[in-house]
Amino acid sequence: MLLAMTGIDKAFGGVPALRGAGIEIAPGEVHALIGQNGAGKSTLIKILTGVYKRDAGTITFDGGTRELTSPRAAQDIGIATIYQELNLVPLRSVTENVVMGYEPKRFGMVKWREANARTRDVLARFGITLDVTEQLGNYSTAIQQLVAIARAVSLDSKLVIMDEPTSSLDASEVEVLFGVIRELKRQGVAVLYVSHFLDELFEVCDRVTVMRDGQSVTSRDLAETNKLELIADMLGRNKEDVEAEGMTEFGGAEAKRGPVRLQADSVSTGPRLTELNLTLHEGEIVGLGGLLGAGRTEAARALFGVDELTRGTIKMDGTSIAFSGPGDAIDAGLGFLAEDRKAEGIVPDMSVRENLTLALLPKLTSRGKISFAKEREIVERYIRALGIKTADMDQPIRELSGGNQQKVLLARWLATEPDILILDEPTRGVDVGAKREIQAFVRDYVEKGFSVVLISSEFEEIVEGADRIIVMHEGRSVSELTNPGVTENMLVNALAHNDGGEAPWNSQ
Amino acid sequence: MLNEDAFDLRRYIQRNSASATVWAVLVLLISFGLMRYENFGSAYNITSFLNYNAMFIAISLGMCFVIMTGGIDLSVGSVAAFTSVIAAYLSPYGIQIALPGAIIAGCAFGALNAFFIIVMKIPPFIATLATMLGAKGGALVISGAQTISVDWSSNFTKLGMEKAAGILPWTIVIVIILAVALWIVLECTSIGRTVLAIGGSEDASALMGLKVNRAKAFVYILSGGCAGLAGLFLASGFGAGQPLEGIGWELSAIAAVVVGGTLLTGGMGSVPATVAGALLLGLVFNILNFENGRGTISFSAYWQMVIRGGFLFVVILFQAQIMSRQKQVRS
Amino acid sequence: MEQSVNVPKPATRPNIRLHGGLLALFILLLFNALVTPNFLQLQTLFVNISQVATIAIVAMGMTLVIATGGIDLSVGAIMALAGALAPLIFLSDFGIAYPALGVAAAFILPLFVAAICGLFNGAMIAFLGVQPIIATLILFISGRGIAQVLTNGNLQTFSNPSFSYLGTGKILGLPFQGWLALAIACVLFWGVTRTIWGRYLLAVGGNEKAAYLSGGPVKRVKIGAYVICAILSGIAGLIVVAINSASDAARNGNLMELDAIAAAVVGGALLQGGRAPIFGAILGAVIIQLVKYTLLANGVEDEVALIAKALIIVAAVWLQQRRKV
């Protein structure tokens, strides 16, 4: 084995992220690492690359036990990483990005001629010829990715880690990348390939390790498995059960529902959302199902006017709308509970009360002055209705638990009484009790005749919660399942069977 | 295969459009001056112009490195005032003592900045603002708020008032040596490349295993040292240590650096273009002086600041455009 | 997740921070009462109030800007600009012909110009995405230059009792500008705590993305903060001119940005944004002024006071950064 990580533990502030995780990679092997959001993939990688320190476990690499104390230490023993957010400096030249930190020098002076030559050589090994003195930022993302790989190879790495390398590449670029990976393999370099695009794995990888809840659950030869089995592993389900049910009961009874409120036709906002078709009726919950990177969050942002449309139309109650920002969307009766609670949701230093009424402010205000009586009354009402546990409404929200923070944010939107509420992972990072309450509240809300778009990575939630599920795959809405009658296994199946000619880089 | 290693002027201009513009404008202004004013090309004007601007070029060079890391150093003016007093006190021992003395004093303030920024994690502008106050106070304290006359009997004032081989002022000779040395450091050494990489992306630089803190300490100490040199020139050229000088110098330096095409967000910059930027700003005022002399306009000295701000504004507009274009390419 | 077993605890932190400032103030007062000769006299109070008012007024504006996560270096230059304009107006032919109108215009016009400066700063930051420190650097450099160009660098002296009232008038025996600072503080405090604008201001500084996704007018809020800061600087500039019965564009507001930032930070403003302690800014201004006064009154040179101020700034920011981690 080139690399063996065993029994790796890591906790952040008492919350375990990895519990006895491990991975084994043979020399020259292309090894895939997959798992749902929060399964611990990136933590494991960051331990391997010296960014995090592990709490327990051993790492052997290239015949010896290793202590990886810094990114530099990992690089020096032959582990190179290409992060998703490329760790390159776009303002500098291609050569610099390849040799930085390891420049060929004489008397302390960088020998640029030699550096350029070395860079050209490495790139040539992958069949790429370009002006290496040009600013890296002037090249496409694909080229930048290849340059990152070239850097890894030029450091004589024995293991190259690629974190979501294809997430912003187009079809032909992906092919070039795969060519490079095969070339690496031929040269005896091992590759650890992290991706949520399962189709890709079968094209380039030899083995796959699946992670779930901070543990490594299975390790399989890709030649002997299939997508369904991998998805079942990722979700912690039994493959046989999934297969037995199949996708037979397509199209159950029509839910009781009103007229169409929201309609999206061929909406695109960029490479991550290429084709969204969606209708949302009054009194209906439409779920967006899909794996990580399927374009669900991007779909929500497009509907809410955060990202500009590059193509397609969105109609509300039959008339075309073009929001210039969230403000417009809120005025039109939309609400959007964002996925990332910390980065896009809470204002940590503000109180529960202030956070709860942030989107409602214009309605609480007359001539600029906030009506505190009205505000307190509304906040009081929602704290009671949602059972938010807080000392009082003036407590800073950062002192609340995750579940209670989430309830406050949900209340922020419910308070605006939107006709259409978009919920992106409303129960992520929330304890079981709060989760049930949030789900019940959303159901109640819809019963009153409002509409909800629900995004969730928990299949159970989406299958049980949604009246219809739009299945998304690689930036496109590909199929639809209608409740009642949808089971989790049907959804898994729908996801697994969207392969073949439908990948975005083959379409056009 | 492309021959990318050979120097290609057209490609150079294409890649360094900002620097090329500065040089072109500089040449234009010089030719304009030569044609319009009869004394513009006189040895006296050229020497006094270069001698006066040597201080500003020196601090601009230091500032250029700081800005390339994405930081800023607001303390250079006060530090120069401080070191001018130090230099004046050391002047009886001759230039061989005063020169290193002033530079070391400047470096000490730079090290203080570096300590605030790297160890105490205080944002650069606050840290250097505090140092600016401290150095100003210190200069006034050690000088008793008086200008300190230098010792004219030693060789100290030769530096600021005489010429090497009777051609170029000593100050400008030193500045040229400094500029060339820094140019080599930036273009050809790993610390120079690290400086640029940090400004481009500090996180990426750390993940690449570069010595980020070392490079940051280097730029602030360098900037302090350059300010020390400027203070030395000040004392030597005007015959006195001047604790009250240096107000607004940091702005002249920032303006020169930015006019020279260095991105304010860091990651891109050039040593020669910074020199050109400093010369360009100086030249504008030189020409205004000549215009005043002819009586065609009457620009008071106060226009200097307004024009400097105007320059900065125009350049920032350009840079904002460049940045937004790059963001588009990236996404 | 263990977060479910969270025992909500009451918010005690802001009080501790405020107590820190008050404690410093108390120690300063006590020290002065014991050591400084003639400290406990009305005259001392007047001197300090008239000094502290300008710092406090600018510091309040700075607090608003810092609350959005920004900074404004141009406050001193705007003071000089507004201060230079006023005498130009009431000393002009128009101002002499119509004294009442002239004095009114001498208040309104400079503040209007200051507002334009703020608009310029805010627009650069909100629309062009220029970092605040750089955007405000432009006026920091040229604002004072414009003031000097307007006055040709001359010291403008004048004798205009109605204008000077701003700096020398007294109400209930206390300096007018002290009352003015207090009034401004009350209005701003009301604005920050009671109005939609104040709520958005804190939200933008606390989490810009969240504010935007909740429909907050992020750009307008930011621009507004810079405009208010500039107007307040303008007022401070007028006060300085009124106190001296003279306008010196070179010195009016010199280094005020430092005093203002220091006062705001000492008063509890977070450089990262999200907090706008208006009365904290006043407290900060009082502390800064008292430190200065204490040193001066005890024979410590003005220069050393500068070093003390530098130390206060570094210490205050350092404590903030540490608390954050």
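Every chain is named by a letter (A, B and C) in the order it is written, and numbering of its residues begins at 1.
Here, contacts are C-beta pairs under 8 Å (C-beta built on N, C-alpha and C of every residue); 3 or more make two chains touch, one makes a residue touch a chain.
It should be emphasised that the depicted structure is a prediction, and the values quoted were computed from it without experimental measurement.
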A-B versus B-C: which interface comes out with more C-beta contact pairs?
B-C
Most remote chain, CA-based centroid, reference being subunit B
A
Between subunit A and subunit C, what is the separation of their C-alpha centroids in Å?
45
Please tell me the distance, in whole Å, between the geometric centres of subunit A and subunit B computed from their C-alpha atoms.
46
With chain centres defined as C-alpha means, what is the inter-centre distance between subunit B and subunit C in Å?
31
Two-or-more-chain contact residues of subunit C, please, as numbers and ranges.
none
Touching residues on subunit C, where the partner in the complex is subunit A:
1-6, 8-11, 194-197, 199-200, 202-203, 206-207, 209-217, 270, 274-275
Applying the document's contact rule, which stretches of subunit B touch subunit A when the two form their complex?
1-2, 4-5, 15, 184, 187-190, 193-194, 196-197, 199-201, 203-210, 263, 267-268, 326, 329-331
Considering the complex alone, what residue numbers of subunit A touch subunit C?
14-15, 304, 306, 325-327, 329-331, 336, 338, 343-351, 354, 358-359, 361-362, 364-365, 368-370, 372, 389-392, 394-396, 399-404, 412, 429-431, 433-434
Subunit B residues touching subunit C in their complex are 72, 116, 120-123, 125-127, 129-134, 136-141, 145, 248, 251, 254-255, 264-265, 300-310, 312-313, 316-317, 320, 323-324
Note which residues of subunit A are touching subunit B in the complex, please.
51, 70-72, 75-76, 81, 83, 86-92, 96, 100-101, 103, 105, 108-110, 112-113, 116, 120, 129, 131-135, 137-138, 141, 270
